[in-house]
Structure formats: structure tokens, C-alpha cells
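You will see chain A twice below: alongside chain B first, and alongside chain C after that.
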Partner chain A sequence: MPSSVCLRRLSLAPSDLTAHAMASRSLLAYTQTASFSQSAPLSAKPGQGKPAGPARGERTLNLGKNKKVQRDMGKRPAPGERKALRKRVVLSNTNALVVEGLNDLTVGNIETGDMQGQVVGLSEPVIDSLRAVEAFKATQGWHLFRRPAMLMRRETTQVSALMRDVETRKKTVRRILAGDRASGKSTLLLQGLAMAFMKKWVVISIPDAKDIVSAHTEYAPLPGSNPLQYTQNAYTANLLAQIAKANSEVLSKLLPGTDLKLPIPTNRITTLADLAVLGSKNPELSWPIFNALWTELTQPGRPPIMLAVDGLAHMMAPSAYLSAEAKPIHAHDLVVVRHFVDHLSGKSALPNGGMVLAATSGSNQPGSPALKFSVQLAEARAQGATDLPMWNPYQLVDQRVMEVLKDVDTLKLHGLDKRDARTIMEYYAASGMLRKQVDEPLVSQWWTLAGNGNIGELEKGSVKMRA
Partner chain B sequence: MPPRLNLLTVPRTIAYRPKVAASSLRNGALTRTSPLYRNYSDSKDTLGADRSKDPTTQPLGGVSEEAAKTADITGSKGPELEQGTPVEEIVKDDKEAQSKLPKVMQDSIKSHGPKGSRSFSTSARRCDFQTEGLIHAEMPPPLASMPPGVKFGLPTLPVPADAHLKYRYDPAVKLFTNLIMEHGKLSVAQRNMALILTHLRTSPPPTISPLRPLLPGSPPPSHLPLNPTLYLTLAIDSIAPLLRIRSQKGAAGGGVALQIPVPLGLRQRRRIAVEWILAAATKRKNRGSGKGGFALRLAEEIISVVEGKSSVWEKRGMIHKQGVAARANLKLGIRR
Partner chain C sequence: MATIARRLVLCARRCPVPTAPRYTPLSAIPWQRRLSTTAPRRDENPNDDARDKRLEEFTKGIELDADTQDESDDQGVRRFLDALSTVHPDALMKELDAIPEGFDDDAGDEVAGVDREALGRLYEEYDQEALSDEEEYNMLTKAPEPRVGNDFWDSGEDEHLGDEDYFGDDISALGHGELEQHRELREYARLAAWELPLLSKLARPFEVPSTSQPLRFRYTTYLGEEHPAAKKVVVEFCTSDMPGLTQLQRDKLIKMAGSRYNPSTDIVKMSCEMFGTQAQNKRYLRDTVNNLVKEAREGKDTFADVPFDFRHHKPKARFEFPKEWILTPERKKYLESKRLHQLELDSGLKQSGNLLDGAKLVERVLSSQVQIPEPEMVEAARGKQRLR
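Our next item is the complex of A and B:
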């Protein structure tokens, strides 16, 4: 819910015409208003008057028949403590067995592609970077195994082939990752990010699009924008901090080439990592600094860029923010979202090449019929269908979303084949998490029960002990 | 005088049809035997013959078709069946004329051909591997010694205990799950059970107190996290009381109840143990927020049971002490 402070600030921004109109109307309605007020200008100080009830933990006389046994609740958890516990991402289980012969993913074996169909581990620096961009989700099964490892599936090889294409031909690849629920879309995104980190790309990732549009961070109109756009300073500052932390190795070797044109002294900035850190420490300047960083990154000779977002459907709908007229602001009017969407739609290209990956979510998605339709259309197009699906003309459509997703391709995730299913189940068994002999009948049985090898269901069935 | 109402005669005729014998029904369903006689009006064809070309099965034409046919027979001029000019037939082979047709007609000419693909799918998910069926693809070769009528071979005996659908989960786990359940929501209970087992798997191995010995023959604590079902079963069985105290009213004289120890069965013992654990977990403080809070508390309580820290051990000790004291009240079956 937006805070009242922000609304008050917004109401100053447009002309005071509406305010005048309101005033005249109220004068007409109440002609007998007094010119002064006798009520106190401030409400009473807290602590004065009768308290609403006994303080916590205080003993009170209870003569009633049904006495409730009061439990000592102790100290209340600090603000944010319980949420932090809920959102905690654990990447290691010290009880799990060490898997012998588990190789790490390296730049070399990404290039050769001989890791397809195998489970590979991630090296420490990559894990740190992925943690910084919040690529690991608390709902995924990382907490069960000794160290993060993943299956290199067919779709992963497709992504790595696309990345090779980007590097050789400096083109911009745009893809929506679509598929069934729990088919591994977020994990594929994570694999893409991991490969980008290894190849020394610059990675800018929005871990969950819901956080941008849910109106939990402050916002303000961007001065001089037409149509009106909105900045989110706290969010952008946090994003810059994530960029600086995750890409510190790459950004600390890049020097600013152009004049940064920032309203604060920039003589201490020697690398782009410094610039990102500066933006994270000055939230009010975070958007101009993000722009300056982007300008620097798109200069010739810079590394390719990976732009990623998870939970795309949240971006393709009106946000929970309200404008000065108390109308919902479309998500595309938020500057960070617009920046991403412009690159997804192909309106802006990445001059040094790069990749824009947007994963849809199967479990947390608001209804976005235009997105759903666009994905269907893209899939039909990819199959070479002659009569493409048509939008029902009697249904309202979010035209902005349709326009943006007009020619974006999808990368559809299917279930694993039986060989891959066997590989991942053998990894579960080797970690000590699946206490069964992995043989052909067991693999067939679980593969079938998991909806033709849907990897999330496979994990749920074989590892998560639903009983 | 005879009664006016005669109970023995039926007031009106009853449409009574004797029940068809079950054996004859089964025969009819399985095999169509031809009847012994054939009516003149019956078709000479056998029952399964294709009759779609029969003139009697063709649909009737409209009024004008009938009139046209009659006129054709009588040699007169009947009504014109074709309406309008058959433009499509005229331009059928004329490509140039076709290009000048209105768009609607061009589309209709095009649409006669076979379509490329539908916009919607009529099939289930496509499989890339043809060999992959839903069931295990490589069938076992039919053995010579296989009894007739058996396609997949006989099951190996004895059939494992969890092969039955209703008993597919471990009995202790199932009992625990059912006791967690509130308002009949089994799937919520199952989710909580999964969270408990996951917590047991991911928390460090317990340190077992020598004052609270577990069941004799229990595995070393380092083996427990990798086998959470055993961990849970060990916790339950270690604290399960051997008996309960039944108080018999007035048996001690003077309106005082007599305490009588009663031995318990396995499920009863387990049930009491789980209820004690649930009661202790309810009193614990919730640390996080969200759905899994109770499951987390329950898992922590189970670990503290195994480590000998839980208050449940005192409960068990108390019951056993009472049982020893009430041993005197037992009247063993001494018969005269």
C-alpha cells in the first residue's frame, strides 16, 4: 500500500487547479463554515489519558470464570527478523554426502558443450555473485545438498549457444522463458546468469519483478518526463548495490571514459564499480547514476550485458502505485521497468551485444492476458504455423503490453527425457537424499508421476518426502 | 359378513416382468449369437455388415430437391436448384480471373486446401523420444515358464509391505501425519510432515544424552539425519509409554478411585507419544513467520526429544512410576 507521504508529495506536483476546484465546491456546500477552529492543533501526547489495556507481561486481576492461561511470550522479534528467517536462502546441507566426481562448470566446458546431460557444480565466486543478485530462491531445493549443483539440460545448451552467438556477432538476443509450473524456468535463468558471470559479462538482474510494482518502495515523478514517469530511488539504489557487488570483478577493471555529468563531485570515481557504489549510497541520485553507468557500459569495447528478470507477468500489468489522480500507474511508466522493457521489446539495442532474458513464473503470476497471448503467439510463430492465434476482439487488451511483446521469441521448457531424469535421480541418490536404488523401473515410474519429467515435480516426488 | 376389502386378490393387473437371469445377461453382453429364426422383414445382412450405402439410410433431400427429382422422372422442367451464378466454378482454372476476385472469395478458395496447423493443440505434450512410453519401454521378454494369460510376469513374493496403495507410507509417519491434521486437511498435514522431515535432514546430528537412553539398538546419531523416517520413529518409540493408568471409580472404597495400570499396544503407545510431542511443541515459541511455523517447532521438539532435553521425558517417567506403584492394585486372573 502506498504511504500517505508520497501521495501528499505528488499532489503538489501538478497544477493547483484541482485544489481550487475542490475548495470552491466545498465553500458552496458549506456556506456557514467558521473562520476559525477551536480544536487543538495537535493530537494529545502519547502516554497521557487512560491506557487501552495492561502492558504486555503485566499481571492483572482476572475474576472471570473462564480464565485464560497467559503464556509468557518473551521478547518480541525485531522488525524484519521473522521475514528474514522466512526468506533465508540456505545453499548447503552438511548432512548430505559429498558427491564424488562432481565437476564444476567452467568457461571451457560451457564452450565445448560436453557437459550436457550431466550434473555440474558451481564455483565459489559464481555462487557469491549469484547470491548477490538473489538468483537462488528459498523455495528451490538448494538446502538439501552439500553444495549448489544443477543439471545441464537441453535448454541450457540452447542458452549457451545463444550466448556464443552474442559474443561472436555482437547481437542482442531477447527471450521469454516459458513453460509449465515447476519446469525449471527460474533455474534456467540462474544457469544463464551463472554462465554470464563466468564469461565476464555485466549482469543486471531484477530478482523478482513483484518487488518493483508492489508499491513497497518509495516513488516520485521524474521531472521533465512526458508522458509522466516515476523513479524509485530506494529500489534503484539497491539494484546498483547488487550490480556493484555481483559484478565487482568486471566493473572494477572498467574505467569511466566519458564525462559523467553528475550533480555531485565525481573526482574520486576511478572505476565503474565506484560509480555503482556511489549510486547505492545516494538514493536520491540513484537514477541519474544508473543512467550514467548504462551510458558507460554501452560505449564501444565494453563487455556484453545480461539483462534478466524473473516473474515477468508483474511487469506486464498496471502497478500498485497510484498517480496524483489516484489512478494506478502502469508498470511501464516506472523508469526501471521501462528501461528493461525497452530492451526486451527491441526498441533499444545493446551495442556491444547481450542478452535479455525474462522468465515467467508458474506459481506467482498476476493475470496478464496480453502476456499469455503473446507467449502463445510466439510459440505458434516458432512452430511455423500459418494461421496464428487471434486476439478475441470483444476482450479488452493491454495495448502497451501487446506492443512491447510483439516480436519477442520464447524459449519453451519441456520435461526432461528419461536419460536426464536418471542422471538427476542418481545425483539425488549419491547425495544421500534419495534412499532407493535408481534403476530403470524407478526412473520410469517417477518420470511418469512427474508429468513426463517435469523437473520440479521429479524433485518433489523423489527428494522432498511428501508423505 | 365377509370383509369388503379383500387382501388376497390383486386389485389391478400388475405389469410384472420377471428378472432376466444374470447368466443370460452376461452372455448377451459378450457374444451376439444369431437368433434361430429370421422374420421376413429382417435384413438378410449379417449383424455387422456395413449399411451406410443403403438408400434407406441416406438423408432425405429438401422440398425443391424432391420436386426436381419428380420433374426429372416425368420429363417436365422442375425448379432450378442452383442459386446465383457459379462464379467459383467459372474461375476455377483461371488464375488471372482469380486474382481479381474479392478478398472473401479468394480466401474461401484458398481455405479449401488442407490447413497448415491449428492455433490450438489437440494433443498432449509432444515427446521427443519415440521410444519413451508412459510405462517402462523395454518389456521383459516373455518367459517360456510364464503361466498363460500373464503379460508382465508375476510379482515377486512376498509383496512388500508398502506395495498396497493405502499403506504406502511408513506407519509411524502416517500416524504422526494424521495426528497433526486439523479440520480434516490432510494435504496441509502432509506438507507440514514434509517440512518436519526436511528439517530433520538438514539440522546437525543430535548429541544424545546418557541420562535419557534411546531405544536399545538404535543407530549412531550421525546416521539419523540421512534417514529422517528412522529419526522420527526413534523419537516416538523412545518416549512411548508402556502403559496407561486407568482409574476405576470407587474400587478403592470410600469413593476413592483405584489406579490400575493397563498395558498398551504399539499404535496406542505411539499415539500417546505423538500427542505429548504435539503438546510440547504447541508451547514452544514461534521464531519465524509464515506457513511452516508449527512444523518447525514440531521438528525442534523431536530433536530435543532425541537429545533428551524435552519435557516429554518427565511425563513418561511419571506414568511409569505411577504404574509401578499401582502394580499392587492389579488382580491377576487367579481362578478358584
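Our next item is the complex of A and C:
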């Protein structure tokens, strides 16, 4: 970096230089040469730089050969428009046929388990609630059929059995949904949420863990926390809004029973739904309000809670946020994530019972060796293996993640069996999306091509890739 | 005095020779086996011309070999004198008298009627630039001096290629080498034929090493040849074969062996070639193994807190065909019956009209729908503001 003194000297007149008693030899040598300019230097005004090109729509002089070059004067999409299009979830296809004899899922047939191996529809209120918690994904094939329907597979029955267990014994069930890519993990999570909505549980769902950790929302250190934790007010406010909307039927019947101890007047709060709405409207207070809501929900006599997250691997790694020392903040230091992770690990129990479901993602998954290993370990444990896999002690590991996932069980999704595959393919055909005779050779063929009945591949092969 | 043919040879010899020959020949004629040195027997008839001619040819042959002539002169004279002593002096005198008066070289020429003067002129012409006999002899016998200098003729030549021990009286060193090799091969062939069968007498049956011999040494021989790896010794031992080790001590031994341990086979393998002889290397290995075992047994630190480090070892993945996939006759039968059952079910469904066919379903639904007439397209009004 050149010394500012030197640069200043250049602007001095030679007569001024000679006046300096301390002028060095080099500066004296400079006085013998002619200075190139004696005018005082003027820095350019800020914002006066030459623009890279004419503003859009501005007419400019064009002397080049191609005088008829037409600029695209069309309207650009508004901010967020393209993202909205990308994230748009279409749940109906009016061109698809109405499937005759498609029954809805109800509390009654969940309990009896009659619907296993059948395709069931979802009722409108449940669909609204699921939409509110963003349980439907744009990548799933909902837009192909007349109305949302799903196959009650074997794993769904397992989840419903666990839910029944929760209700009877008030226990906390923690599961990681694991399986191959497109094996139906997110859909199983959706089925769990749907059943929870129907059973009047309180559902708190993080639709995609990537949104919390990707540093796209504001964050701030939580005062008085040690070790330092960070709140995400905008995200928490949005989460409260989702909770309020999705669980309005349940929360509007629950009255606050304790002193909420909030820094704003709570006179007008009559139900817990009001509390959640209040939090969604005051982002700066969203975290204390979330805590207050959680305290209320864990009081005795409240309904069970369903905690759900999709894309668990994002939570099990350092986040994209930076601390004041410009070091990455671990995802577990974000309060919302920490709240979820504490319940997943079993550190905090749900006093009224409940379920913590965390689905991994096969397609959008940052590398998380500790999570991968923990899932392997849990699977081996579930199979009753004697020699459990051991972490290579000479490899670095995210110890916090290992600690959290130490004793979490997994719910492994396998491919469909051929009977289930035939059921879902008959549903495709009845919807008019599979114009073929559904018989055993066809089912066998697609079942094999779909990697032993991977349901995502089955749908892709028989419906989406249809010529 | 040089003849015409000899002068041609001399001219050729005067050309510069770029390099020195491998050996310096002592004569112009290559070495050859000596002819018989027995004295020639004279014919009884002294006037026989044929005999004289033969004698002349013989002596000419002798003359060509300067060395042999010099050496055999003394012996020849002695034999001649011996022969003379056996002859009676009177007979000898008779013989001498029988020689005609003018018998000499010049007289012979006169008899032949050769013009001696013309012959003398011819000789004189050649003698003008002729060399003396001594010079000519030297030129023929001695090799021309190798060129010493750095001019055009010497470019790209190596000057010191001569074999100092070779004097032109023997086959070359390369030839001797070939012969030596041949002799060696024949020697080994003799050994193979006569000695090797006797080795079977020394053969001993293999004995499985006992538990007191857990170390297995490996030596390498290169069959008498010198080789840098001939001194190398390798030792292998199984850690569970080492006597008197508890599990903890064995684990410590494995940890101390480090990357020399193979977890798949439970074998430690170590080698030594840092000493000059095999025996020294073996002794070093033995001492090292003893120290390792001693340390494993008696050392204070058990290394229990150090995890095993097998990063050096990559176990080979072996894939075996699953037993469940083997198509046994029973399984074939089962699959066959299962498929048949499914086909029967499908045909039953088809007969009852319950087999779902997507294409037919769509057709049926479309045909049952009320046909909505196609909307008629009307051209839009032309104007300034056209639709883009």
C-alpha cells in the first residue's frame, strides 16, 4: 500500500517542496523534473461511475451494423414470482378421472386398520391443515390425480400403531424415517401428520430443515444464553402462523391455564390459537411466545403433540449462519432446531405423550456422516445384530450429532410388495393415468423396473414417464 | 626390389587408416599352423629338373614366413651336415664334378635367350622411386602408425579401443568368454545329470511346526548369484499363537505391531535387511519379536485407551451368491405354481369383467360424457393495438 504522504507530495507545487527542510534526497530529485499537473486533485463524486449500459427501455444512439436489434421490452417477473411458481403445489388434476369407490381416511378406519393395503383419500379439512404446514411437496405427484389420495402401506400401519400406543400410554415415540431415495419418506411423514390432525393432536412441523439453516432468514443471539444460542424471529413467527392455521380447530378450544409472563399485554388472549397468532404478528417476541405456547401445551390434560421435520440432515451439520467470530454456527445452536433436537434425542420428553418424526431426504441431503452412521447403527440395533458397526476412531465426527442420535430408532422404508404395487397401479389406471390393462405380468414388470417396488420409481415409470 | 603386384599392395597400404587396429600384427600373413619341419629328402637323381622345381617351390613357401625361416635355419643346417656325414666323400666329389661349368643364374637367362639390356632398363624405371628391400619389408609387416590428430578423418572416433593383452596370436577375449560360458553350461548339465538325483536322499518329510515354534522365517536364495535382497529375512507370526498372552496383552502386541499386522489373517509380518548378512538380520528380527512380546507381557502401559488402527488394511470384499436365490427344483416348482395361480386369478377377473384396463376405462368415460360442441373461432377485429 503506497504511503499517503507520497501521494500528497505529488500534488504539492515544487516551490512548496523546496520550503520543506526535511525533504529527502528523492524528493529533492523530484523537484528537478516538471510536474505533470498542478491542479488540486478532485476525487470523483460517489455514484458518478459510468453505468454498465443504458437502462432498460432507454433509447440510445446505435450506429452499429445491426440497427434492428430489438431489446426484450417484456415485463420481468416480480420478485418472488418465479419462486412461487417453483414452489406451487397443485393438488388436483381436473382431467384425471374420479376414482369410484375411493374412501376417505377417517379416525375410525385408522383405528381398525381396515385400510391397510388400500388407497384412501383425504378429507378437505385435513388437506387444508396439511397445506398450512406445507406437508405437500411440489415434487410429489399430487398434480396428476383428481384429489389427494395415498396408499396405506405397511409402514403407515406401523406409524398408526405407534400413535395408538402414544395415546394409550402417553409415551414419547421418536423415529427417524429412513430409506432409499423416492421410497416414500416424505409421504409417510405426511400420512403421520394427516393422522395426527384427524386425531386432534397438536402438530408442529418444520417442512424443510434447509430453510432454517441456510441463512436466508434473520438471526440474533439470544440474550442470556450460555452457550450462546441464536433466535430466528421471522422464521419462528412464520412457524407460529403455520401452527395457528393448521391447528386452529384444536388450539381454539384450549384456554391458557398459566401466567404467560409475556412482555406485552395478554388481556385479549382467550385461547392458545390467539397466542400463536399474536406471536406470528410480533416477530420480535415470537420466541418467547413460542415458549409460552409450548409451556401451555405441555400442561397436564393437553392433547399429544406431533413434532415433525423433513430433511433432517440439514439439522445435523453446521449451519450457514456465522457467529460474531465469523465461525459457522452449529445448527444445534439455533433455538428452533435445538428445541426440536432436544425432543428427538429424548433429552426433553413430551409429558402428554407425542411423537417426534424426522424424515431424511434422499435427494436434498448435505453430507452428514454422523447421521448416516447413526441410522446404520439404529438399523443394526433393530435387527438385533451382535456386532454393531463402530465409528472409525481415527476419523473426525460431529460429536454433538452423535450424542443427539445416540439412541434414536429408525423406521426403515422398504419397497412395496407386489400386492401393494398392484393396488397403487390399479389406482393409477382408475384415475385414467395408466392406460393399460393392470394384470400380473405388467405389475411384475414395473415392480422389478422400480427396484423391487420403490414407490417413487413405480410412479415415475408408470405415470410420469408415460409416452 | 618390388614387383608390380607388390607395389599395388603397398599403394593400398599407404592410405591413411583412421583408427589403430585392435592388435598390431607382427606379419602381413595371418598366423597359421606351422608346416612340417622335417628336412626334405633329395631325389637320388641330381639332374632331375622336376626335383629342382619342387625344391624351389618349397623354399619359396618357407621364405614367405620370415619367422619360421629364421628359426628353422639352424636345425636345417645341422640335419644337412648330419646327412653329409653319412655320404662317402668320393661319391660327393662325383656329384660335384657332374655339375656343368657355367651353371649359375645368369647363365640360365642367357640360355633362355632373354634380352638382358631391355630387362635392365625396365628394372631401372621402377628403381627410380623404388624402396629398398628393408623399407618394403617394414611396410608390409608393420602396421601403419595410427593417425594422431584431430582433423576430418578422426572425427567421431574413439582413440583408445585397443585390447592391450591381445597380440594377435589367439582368439579374442569375447571368444574366450563364449567358451567359458559353454564350459560352465556343460558343467551344470553334468551336475544336473549326475548330482541332482542324489539330492533326493537328503529330502526330509514336512513336519508341522509345533506350538513352541510360532515364528516362521523366510529366506531368499538367488542360486549362488549375488543379489541385494539375498540378505533379507522375513518373519511372520500369528498373534494368537504367541504363548502365554492374555487378551489385553495380545491387543497391546497388535497395537505395537502397527501396520505390520493384518487383521484379516491375524498375522504380524516384519522383515529386516539392514545388516550385511542373513544371520544378522534374522537375529535382529528374533530380538525384536522377543522385545515386543516382553513389552506386551510386562509393560506398564496396556494401551487400553488407544483404539486399534487398521487404516492400513483394506479387507477384500467377497461377494457370494445368496443361497436364497439358488433356483432349486423345489423353488422352480413353487414359482411355477405361483405364476399359474396368478394367471388363473387374472383370467377369472377378466371373465367376470373386473380386470381393470386403463385404456378401456378412459374410452368408456369419454364416450359417456356429454359432447360439448367445439367453440367456433372468430377472427379478432383488426386495429392499431394488435395482440402480440
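A few remarks follow.
Going forward, the second predicted complex is superposed on the first by the 399 of 467 C-alpha atoms of A that agree within 3 Å, B and C clash if a C-alpha of one lies under 4 Å from a C-alpha of the other, contacts with A are read in each partner's own complex, and residues count from 1 in each chain.
Here, a contact is a pair of C-beta atoms (placed from the backbone, for glycine too) under 8 Å apart; a residue touches a chain by one contact, two chains touch by 3 or more.
Just so it is clear, the model here is predicted, and its values are computed rather than measured.
By the touch criterion stated above, A:Gln383 is placed in contact with chain B alone, chain C being left untouched. In the superposition on chain A, A:Glu426 makes contact with chain C only, not with chain B.
Judged by the touch definition given at the top, the superposed model places A:Thr271 against neither chain B nor chain C. Legend: residue contacts after superposition of the two complexes on their common chain; A:His414 is shown touching chain B, with no touch to chain C.
Once the two complexes are overlaid on the shared chain, A:Lys83 sits against chain B while remaining clear of chain C. By the document's definition of touching, both partners, chain B and chain C, reach A:Glu440. Which of chain B and chain C touches more residues of chain A: that partner is B. Of the two partner chains placed by superposition, A:Asn238 touches none, neither chain B nor chain C. Within the superposed three-chain model, A:Gln116 lies out of touch with both chain B and chain C [touch as defined at top]. Annotation: chain A residues 97, 432-433, 435, 440 touch chain B in one complex and chain C in the other.
Residues of chain B that touch chain A in their complex: 115-120, 125, 127-129, 132, 134-138, 169-170, 173-174, 177, 190-191, 193-194, 197-198, 201-205, 225-229, 283, 285, 287-290. Against chain A, in their complex, chain C makes its touches with residues 307, 309, 311, 339, 342-343, 345-346, 350, 355-362, 365. Of all residues in chain A, only 97, 392-394, 426, 428-430, 432-440 touch chain C in the complex they form. For chain A in complex with chain B, the touching residues are 71, 73-74, 77, 82-83, 85-86, 90, 93-97, 143-144, 380, 383-390, 414-415, 417-418, 432-433, 435, 440-441, 444-445, 448, 452, 464-467.
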